[in-house]
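Chain lettering (A, B, C and D) follows the sequence in which the chains are written, and residue indices restart at 1 in each chain.
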Amino acid sequence: MINLAVFGAGRIGSVHAVNANNLGSVQIKYLVDPVRGEHQALLAARIGAQNVSADTVFSDPSIDGVIIASSTNTHAELLLKAAKAGKAIFCEKPVSLNFSTVETVTDAVDASGVDCLLAFQRRYDPDFRFVRDRVWSGDAGTLEHIVMHTRDPSAPSLAYISHSGGMFRDQAIHDFDMARYLLGEEIVTVYAVGNCLIDKAIGNAGDIDTAMVTLTSASGRFVQMINCRRAPFGYDQRLEVLCSKEVLYVENRPQRGVTIADVNGFRGSPPMNYFIERFAAAYRDEMLAFVDMIETGSKPLAGIRDGLEAQRVAEAAIISMQTGTPIHIGPDWRP
Amino acid sequence: MINLAVFGAGRIGSVHAVNANNLGSVQIKYLVDPVRGEHQALLAARIGAQNVSADTVFSDPSIDGVIIASSTNTHAELLLKAAKAGKAIFCEKPVSLNFSTVETVTDAVDASGVDCLLAFQRRYDPDFRFVRDRVWSGDAGTLEHIVMHTRDPSAPSLAYISHSGGMFRDQAIHDFDMARYLLGEEIVTVYAVGNCLIDKAIGNAGDIDTAMVTLTSASGRFVQMINCRRAPFGYDQRLEVLCSKEVLYVENRPQRGVTIADVNGFRGSPPMNYFIERFAAAYRDEMLAFVDMIETGSKPLAGIRDGLEAQRVAEAAIISMQTGTPIHIGPDWRP
Amino acid sequence: MINLAVFGAGRIGSVHAVNANNLGSVQIKYLVDPVRGEHQALLAARIGAQNVSADTVFSDPSIDGVIIASSTNTHAELLLKAAKAGKAIFCEKPVSLNFSTVETVTDAVDASGVDCLLAFQRRYDPDFRFVRDRVWSGDAGTLEHIVMHTRDPSAPSLAYISHSGGMFRDQAIHDFDMARYLLGEEIVTVYAVGNCLIDKAIGNAGDIDTAMVTLTSASGRFVQMINCRRAPFGYDQRLEVLCSKEVLYVENRPQRGVTIADVNGFRGSPPMNYFIERFAAAYRDEMLAFVDMIETGSKPLAGIRDGLEAQRVAEAAIISMQTGTPIHIGPDWRP
Amino acid sequence: MINLAVFGAGRIGSVHAVNANNLGSVQIKYLVDPVRGEHQALLAARIGAQNVSADTVFSDPSIDGVIIASSTNTHAELLLKAAKAGKAIFCEKPVSLNFSTVETVTDAVDASGVDCLLAFQRRYDPDFRFVRDRVWSGDAGTLEHIVMHTRDPSAPSLAYISHSGGMFRDQAIHDFDMARYLLGEEIVTVYAVGNCLIDKAIGNAGDIDTAMVTLTSASGRFVQMINCRRAPFGYDQRLEVLCSKEVLYVENRPQRGVTIADVNGFRGSPPMNYFIERFAAAYRDEMLAFVDMIETGSKPLAGIRDGLEAQRVAEAAIISMQTGTPIHIGPDWRP
């Protein structure tokens, strides 16, 4: 039996807690949330977990691993404590909105030798995974370029935006990660443009709602990203990978399998609108991978250093947008 | 240079005259239409054809072939005259609404030895042809059953309906033909139900607007037909052929290649709504085949006997609907 | 807390037991299976259920309802016992392969006044339900005809076939039920053809693998069913409802949201191949409805009499196929 | 009757000559081609045109307009002569590969007052036109950003590439034009990356085969272009316009309306592979517009100044790619 502790009983913490609890071999011993709301108490009761202090978790030798899904500003400290206590780590992105903190924590976790899965869940989505496997099998030929569309169903609240770190660090970071993952090499040039075309209030909150980002990889291949905070039809999350023999597409997943035809044409369903629903299978597989990592030492699809590298690209995108010039980056570049 | 005469300058006659005229090697010498309207005169002028009597056509030794696209009640006589005069024949379906006339004319044309292409244009449509060729190549495995949808964009006028011979002889006959063509064998049992579900006025005119027909072939394979006089979205003309290794579908052809996405989903274009537009390529290829038949003696995809056999199935469908029982047919069966 | 007993720990019994157990308000007290295999023991342990005799279940006053998912030949007796004991019933179809038994049991259950949900799960599928609701709302206009495709991914084992009651009672019964459900009226004429076109061994086992069925409703509307035991691409489960303003389609659900394009075209994913996966949401919603029926007295989407009426149509289809004639049925008709 | 002269009897010249000749009110008097090959002679004979010198054309007062479809290096001189002679002009893009020549000729044609249609045929394509009309009608809301995919079915010959002016001037220019046309405003910033990822021989010939271009418009809206010389499945020519209420897509047009389903999934047809076929309707409508411009003075969808502005963007893209920086352009900018 694997004993786990979950930090954070919010939206994504609840998903992870339930997924972990559904695995036969897992016991969620602690569900730590300093703000003990009704929802948290119900969930804790349902899965048989206690709400204790973080220090109690880290000093309990029976705990095999921790799931860090609390608010972003707590990640760095919990990661350092977990590394010190030798607990396996599952951590939501980002490690920190401050890049130098990300570097420090990444180095510390690496040095500690603990296993760490960084929760870029899209790597675990069956569709994205199918495409990655096909590209890497060679059946599709040589990867030449990538196009990614990421459009939210609607803009998040201004409160969320104000402490999100901005659209590049918050939303586009999944695309930066996917680009690196599919290419299997680092990004060396980043050009980004951004603007508020959907809602001026987002601009007043210091963020953008629409961006185009062009990435060039070390070997000279290209990645194009289209990012925005709203598509009229809902959540738009697509991938197109052009290889020499095949083009591989990850499509949106429809809400319904119903088509309605009338004099205006054939109307198909809008896509699943909520990322928790769209990526339900990814979250389950990600948790399975975490438990497998603890049990067998298997490598996760994304580690803590992947978080650092994706964030490096995000920082370069922000500076590119601000300065109007492409930014050249390498392992020593920092904002 | 091939010299042709066209009988009938209506909708379908005009299509055939223009298609024939566009072939470099064809001269349309005569465009025969007893009702010389303005449209006919314009078309004759455009293609350089004369309007003469039928007898003039058949006694002109320079005429290689005739295209019979006049009203249905003139087909039989023109076919017999063409056969007697030794002219190659392109004839619109049906030969006659009277089955015994069809038999008599078919036998006479056969006995004359003239080449005859019966204009089941769907056999010449590139999509239907692709499916037929794939089935017959064996790549799809063994054909097991067929499903066909034929729904008109809207019901024809009551005037048209009253002398159309009814939906089975007028519309469904193309499906009866396609069934025989794909199966490569005859139909032995026909069960049909029909009703007026769209417009009671059609029923008052003595016809139906909705039918389901089940065919059983000599070897025991099945064909299912869904026929009606209107689909809410327009013209619905689809084929589904289930073979042991593949299912082959002929889809509708959309009017536009545009999709519109909004909060209600993804809206694709309605299909091409007019059979003259949907089957434009089929009509061109059919005329090419007729000219090639004259020039090289090649066999057309459908001959006059195919018209007889399709009509035999249509007659059985009518009786089945009227009596409520399946009708067993064979080469000697007649209504 | 609702206390339930589950009869049968096989494939479908396990699905129901897990779904019921996942509802917060349900306790599965008994999981009854006379053949106590390892799988059953594991499941019982996981959900905290005991394996007892049927009589123990029915004499336990704390039991609110029973889920009958054992083998078909046990359904009738369990239904009668449950009705006598006053337990709410969730019963897998069919009640019995013997029609007069179905009638007897249906009358007994009805007379007992116990609530009974007959598990035609397709009525609970979100896509089929969406279509039914749209038809009944009137937004789509008047329903005129229905076309249903049901093709299994592959033929079941000959052992299964030999005690399945045949394809009409086993597979097509879901379509007979859906036809009645969508039309909101009874079927009065049934014409069916069937043959072994896929595998002659199925014929030797006394069954067919391919069928076409035409239903006529009391008001003269039509339903066409295409049923077979295998589609080359997998599970094919589609619905097309033509109404006067709209055509509504339930499509297959794809396994993946990935398209692969190469020189041969655009290749989309095959559909979900396993009915347990395809109808996962339907099974969950069906169990929710059962529990809600117990708690609030709400009416289920299908009751025991719906099982009887669907089976009446199946019996007529069998006789139609055997005799080659359409069968006219009514409330007093029996095979 | 409108009298026209066509310069150039190559691939595109032939299309225009045939389309013009098919219009009832047009006489192609001259088909000018200094290299009188067999193909040219046949076409001239078919449409009843003479092959004469350019000067003969321009000094013939009966000529209403000229169609310039000869090789690029002859466009500027023919445009100037046509402007001087007061002939209405239909001219293939580009005016010249030399930007200052384009400027000079554009000013001269403008000053002459002759009507000129610049052959950006995509503006006349029914699908692109439908989208443009919908955007401009306001029904789709406010246009926020555009994504365009242009991938050739395969790289052109190295001979073609060497005098094509490079991929931005030759291929991407249609996208630059479409961007301006849809936005209704000018581009102010251009960022382009390019590389040889498909075939190194293209690089040795001094060109690229893959590019990503980001455009920013005067009002701060974005256009993203994905351009390359080959897609594994054929010709890829798509448009995506995100507006505040709708996303509008122009899809590829399939070769066939046939789908093949087997154990590997559902395989749809590859798209029409040849731009002459894909844009057949656009070429016809463009010629209709030219004749209408002569007959009624109607404004064409693209004039000579549109060619200049699209080329300005192309020149900026080239410099951006070469220098690695975004280029800011305005009406006075030149390379």
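Simple rule for what comes next: contacts are C-beta pairs under 8 Å (C-beta built on N, C-alpha and C of every residue); 3 or more make two chains touch, one makes a residue touch a chain.
What you see is a predicted model, and the numbers here were worked out from it, not measured in a lab.
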**Q.** Inter-copy rotation, subunit A to subunit B, in degrees (Cα atoms; steps of 5)
**A.** 180
Q.
Relative to subunit C, which chain's C-alpha centre is the most remote?
A. D
Q: Express in whole angstrom the distance between the two chain centres, defined as the mean CA positions of subunit A and subunit B.
A: 58
Q. Between subunit B and subunit C, what is the gap in Å from one C-alpha centre to the other?
A. 42
**Q.** CA centroid of subunit A to CA centroid of subunit C, Å
**A.** 41
Q. Considering subunit B alone, which of its residues make contact with at least two other chains?
A. 231-233, 245-247, 261-262
Q.
Show me the residue ranges of subunit B that touch subunit C in the complex, using the header's touch definition.
A. 141, 144-145, 147, 149, 151, 189, 191, 193, 195, 197-198, 210-212, 214, 216, 220-222, 224, 226, 228, 231-233, 242-247, 324-326
Q. In their shared complex, at which residues does subunit C touch subunit D?
A. 231-234, 261-270
Q) Which positions of subunit D touch subunit B when the two form their complex? A) 24, 46, 126-127, 130-131, 134, 140, 245-253, 256-262
